[in-house]
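Every chain is named by a letter (A, B, C, D and E) in the order it is written, and numbering of its residues begins at 1.
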Amino acid sequence: MALKTEELVLNMGPQHPSTHGVLRLEVQLEGELVTKVTPHLGYLHRCFEKHAEAMTYPQVIPYTDRMDYLASMYNNFGYVIGVEKMLGIQVPERVEYIRIIMGELQRIASHMVALGTYGLDIGAFTPFLYLFRDREKILTLFEITCGARLLYNYMWVGGLSHDLHPDFERLTREFISYFRPNIDELNNLLTYNKIFVERTANIGVLPKETAINYGITGPNLRASGLKYDLRRNDPYSIYDRFDFEIPVGEGLVGTVGDCWDRFYVRVLEMEQSLKIVEQALNQLPEGDINEALPKRVKPPKGSIYQRVENPKGELGYFIISDGTVNPFRVKVRAPSFVNLAILNELSKGHLVADIIAILGSLDIVLGEIDR
Amino acid sequence: MRQYLKNTWEGIWTIIIGMKITFKHLFVPSVTIQYPDQKVPLPERVRNRLYVNMDDCIGCDQCARACPVNCIDIETVKSTPGENLGQTSNGKKKALWVTKFDIDIAKCCYCQLCVFPCPTDCIYMTDVYEFSEFKRNELIYNFSTMQPGEVEEKKDNFEKFQAEKEAQKAAAAKAKAEAAAKAKAEKEKDEKSKNNNSKSSSNDVS
Amino acid sequence: MGLLDQEFLDSNIVIAKSDDLLNWARLSSLWQLSFGLACCAIEMMATSASNYDFDRFGVMPRPTPRQADIIIISGTVTLKMAIRIKRLYEQMPDPKYIISMGSCANCGGPYWEHGYHVLKGVDRVIPVDVYVPGCPPRPEALLEGLLKLQEKIRHETLRTKKA
Amino acid sequence: MYESLVEITGLEIFAAFVSAAMPVAFLVPFVIIAVYLERKVSAHMQDRLGPMRVGYHGLLQTIADFFKLIQKEDIVAEGIDKKFFNFAPFLVFAGSYAVYAALPFSSKYIGSETDLGIFYIIAISGLVVAGILMAGWTSNNKYSLYGAMRSAAQIISYEIPTALVILSIIMWTGTMSLATMSEMQTAYFWNWNILGGPEWGITKFVLIPFLLVAFIILYVSTLAEVNRTPFDMPEAESELVAGYHTEYSGMKFAMFFLAEYGNMFAVSAIVSVIFFGGYQSPFGYLGNTLGIEWLVPFEQVFWFAAKGIFFVFVQMWLRWTLPRVRVDQLMTICWKYLIPYSFVNLLVIGIITLL
Amino acid sequence: MKTAKEILEILQKKFPEIEFSLVEDEPSDQIIFTDALKIHEICEFLRDGEGLKFDTLMNLSGVDDANGEKQTNDDGSETIVGGTLSVYYNLDSIELNHKTTLQVSTSRESPKVESVNLIWRAADWHEREAYDMLGIKFLNHPDLRRILMPYDWEEGSYPLRKDYKDPEFYQGMKVPY
């Protein structure tokens, strides 16, 4: 005879230490087993799209910063190449290179937060602080270049706000050689730790087909074993000039597409990003960065869907212009917004503690989900 | 059974590795910056509190228009021709009294968009970041150097000037109108005379 | 019964001295409610991370409001969230303090004009002790705000009730 | 201590009170130092500095915390069973404090010199479970309830490997009194139980690996009993907010805190008594060599505290290194790993002792 | 790789009874315009059809076209009467590495579009968002609630419509600055 258990509804958040911000999860439990997770969003809905309609094109850039605040550079990146395409501007080589360097450094910084907070969710406090210590070094690089630590407003339509700082190249190379061994240390301290492996392997397995149907992108999709990266599959800017690998999940300690794979793909991606930064620094041409800055940003009537590979996944800007200086509509396809939708599917039948592990492995940013 | 022993061994071994790492870090000097006692120098491009050098401001309102959050509030009064407002440091001539230049620092998003369009480089971001307040209203910064009385005076001045100008204009208009009327009258006269003349001439001819 | 529930009408040396002791204790051990809202939360995390180290000031993150003394409103407060923040504030035991961190929490920040879903300043729902400007404020700026708050606590007294 | 006090004063009640209050004189300063130490150790492991601004290098931090906690408003929310809610922290503290009665601080001082010391400790620490369950249940909060249930399940399960290891040691040493057990491992470190005990012979060396295993099992399971990382399920911040003490504020929370750190020392002390000679000095006594008799008990207290604090340090070290296990894995570790190992260990040690 | 024109031809052959047209606006990609109430079957075909294989929905955006009649109210605010709301679908095929954009329009007064939630699960939240922001009703959507705004937000008040007006208060909190 099966025991009859009472269903319990547990409410996690919006203030909960590990919902990565202000997400509220309504968890239905049977004993400690999860039967359904309903995410309630909107606790950080800051009306980005409304603001975009009221601003001129360059004024929207500071607001794109504030969407995925862990990867502001990349948000700028996607928006400006979208607008540049509408205007038909070709930016100078140097600008392209600098953008890629910044974007990849930003990817590392974003993954650092993702990995660190994931460790925190699992209960390991120390790797989080080590990663934040290293992230501070990247922030310094950004700060000497554009003066801000978190929200940069660095990439402009047709150019950049500042040229690189004279010390930038040296400091970046120093950072690369400093950070490489630290990845190994992270792996030894956390990734290969038996407790960590037990907590994450075979948890929240995401099969490839489900992932595609749900529109999952970024490291989460790649962890399911599909080699799909917009930098390769739909190259924008000058990504086709660099030599890098696309890490995919292989199920080293469990099944392909589990939480551990999602974690490990990010670790590997950091190494690849370092590689890209190194190459870009070697090839960096001289030139004037402000050559292509348009006097007035006023794209012709039309629409465009521009997507870039944000650290979290595919970041798309659907921009409609009505021929004035203000965008008519800017809709953002936020990667975290789409990625979060899979949570219910993944966490069915797992324990409460696993929801935390799964949610952390999806690497969401609430600023982007709610916009 | 093998898996069982392997698990046990892996558990113990990875824990020992982890402990080795943290123990090593116990003796690594810490990276902490002890803030109030020790401050790191900020890079020169750093973006913190806005500052306006009113000596150079010409009140062109470009920063306020560039600002995405509309936190800059500028009011200007035109100067009268006799007044000398001086020059900015890069040689531009001022023509407006800036009676109000408020920046609500609490709204500011430190994006630096206001800094670039400024023709005289008078608005810029400083490296001051320690300016927290107990009251919200103290975060509204008034940069205008003019006293309220002075503002009134300038406004009055300008209005007076405006009124005078208006009067002059009116007078001028009147004069013009008169002149025009006169001209018209004269023209008519002319024409008349012409007509007369022509008449006369025709008469002459005939 | 908390100790501070009592008021004393006259001041004498005992009260003055115990004032000093209690104020010192309060200002040196501000336990923070570990709770972040938006972009500023990342800077808050950076502040508690190794490079700036909140722990130097005795600030320790507590996950539950019952054990927290200070709540740092780090980011945009939306209308949906404002209700929760108010409740969290009410759940905290006295004496409690609030630091409003960043433009958004101060007055809605960049979202003050068109933000139909943004509360324009957290002081519309809960009383704020210190406003730290910045978008987001540097970690040092947050620490400076904390020092200001400590300064404020240092001048509190048992004789008058906290507002 | 009790007997000598009775002899001196002739007042049994007075003697009982004094000897019962003695551990407080040790416990409170210990907790103050341990909390400070915990923050400092964690900070330095993470390349930080930890408390720096309250007193010299933050030495007064915990005292400030204490004075702050007594000022805090005491919230008892609606829907809470007041009587038990208020009683729970005291019960938890009582449970952890009662353990100190049987700890031999030195050859001269032991709260209650019972022959069943270790048995008493295992039994009395069950009181903590009752307190935690009470706290969780009366809080009227789902997180508290979950924390309490987990904690209870955890503590009860981990008593089994603890008891099995202790059983094997009892079998081997032949005593249940902690004082006697410490007395046996006298004076030098090669006499410690972890190194095969005071009797020289082949058995001493044969036993060492098994005793090492026994030590690890005991240490791990006591770690779980005091709810420290990686077994800090009931307070798992990332899942359960603050576990069973989510609803507690001010002084009542401080009681839980005190009990937690008290417990940490208690289990470390038990480990040190069983395997590392308790209050015995590893290098002989200065008092004996110098001929100053009264110095010896003080040396013993020093060594006892030092060993205890060392194991507390290891607990902290583990906490700041490891992630947290999941609640079912916690049970797996206990039932599938620790208990079989300790059974085998018990058998082997038994056979060797017999031979 | 297929261009919008080729896809259009395939679609016209498959669904002769449905109207299709091609929106060509520089500088954008070409957009296939079609019927809002037939979008489900079209999308199903796009997902499964040979040589199409659009296996993922990248983006779904609701847009207020603001092409109705503008009326000025007494207090100076504007209301738009008539006109259309549009929904744009950005489809992508990971397998064949091509993409396309669909557009459907519906009337502003009773906006109804068929849901594609059953074809691509990714559409679920996107559609809820479009409903939340613009009030577009997606037929056959299993769970059409507000997603970003509070559930008890004023009925019929959709923030991304061009004539949206802030309410004065929400639960006792003042909304405007």
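What we mean here is this: a contact is a pair of C-beta atoms (placed from the backbone, for glycine too) under 8 Å apart; a residue touches a chain by one contact, two chains touch by 3 or more.
Since the model is a prediction, treat every value here as computed from it, not as a measurement.
Counting steps between touching chains, the shortest path from subunit A to subunit E takes 1. Touching subunit B and subunit E at once are the following chains: A, C.
Most remote chain with respect to subunit C, judged by CA-atom centres, is E. The chain with its CA mean position farthest from that of subunit B is D. For the interfaces A-D and B-D, the C-beta contact count is higher for A-D.
Central chain assignment: A. Criterion: smallest distance from chain C-alpha mean to the mean of all protein C-alpha atoms.
Centroid to centroid, with C-alpha atoms defining each point, subunit A and subunit B lie 35 Å apart. The distance from the centre of subunit A to the centre of subunit C, with each centre set as the mean of the Cα atoms, comes to 30 Å.
One finds 43 Å separating the Cα centroids of subunit C and subunit E. Touching of two or more other chains is recorded for residues 17, 42, 45, 47, 50, 62-63, 126, 129-130, 133, 136, 151, 189-190, 193, 195, 370 of subunit A.
Annotation for subunit B: residues touching 2 or more other chains are 7, 15, 18, 21-22, 25, 30-32, 34, 68, 109-110. Across the assembly, subunit C contributes residues 34, 49-51, 53, 56, 63, 80, 107-108, 110, 112-113, 116-117, 135, 138 that each touch 2 or more other chains.
Touching pairs of chains, sorted by label, consist of A-B, A-C, A-D, A-E, B-C, B-D, C-D, C-E. Listed in rising order, the residues of subunit A touching subunit C in the complex are 14-15, 17, 21-22, 42-47, 50-51, 54, 62-63, 66, 69-70, 113, 128-130, 132-133, 135-136, 139, 149-151, 366-367, 370. Taken in their complex, subunit A has these residues touching subunit D: 8, 10-11, 16-18, 32, 119-126, 129-130, 133, 189-190, 193, 195-196, 198-199, 351-354, 356. Touching subunit B in their complex are the following residues of subunit C: 50-53, 56, 103, 106-110, 112-113, 121, 123, 128-135, 137-141, 143-145, 147-148, 152. On subunit E, the positions that touch subunit A within their shared complex are 25-29, 31, 55-59, 61-64, 88, 90, 94, 97, 101, 120-122, 124-126, 133, 146-150, 159-160, 162, 164.
Only residues 79-80, 82-83, 107-108, 112-113, 116-117, 119-120, 124-125 of subunit C touch subunit E when the two sit together in their complex.
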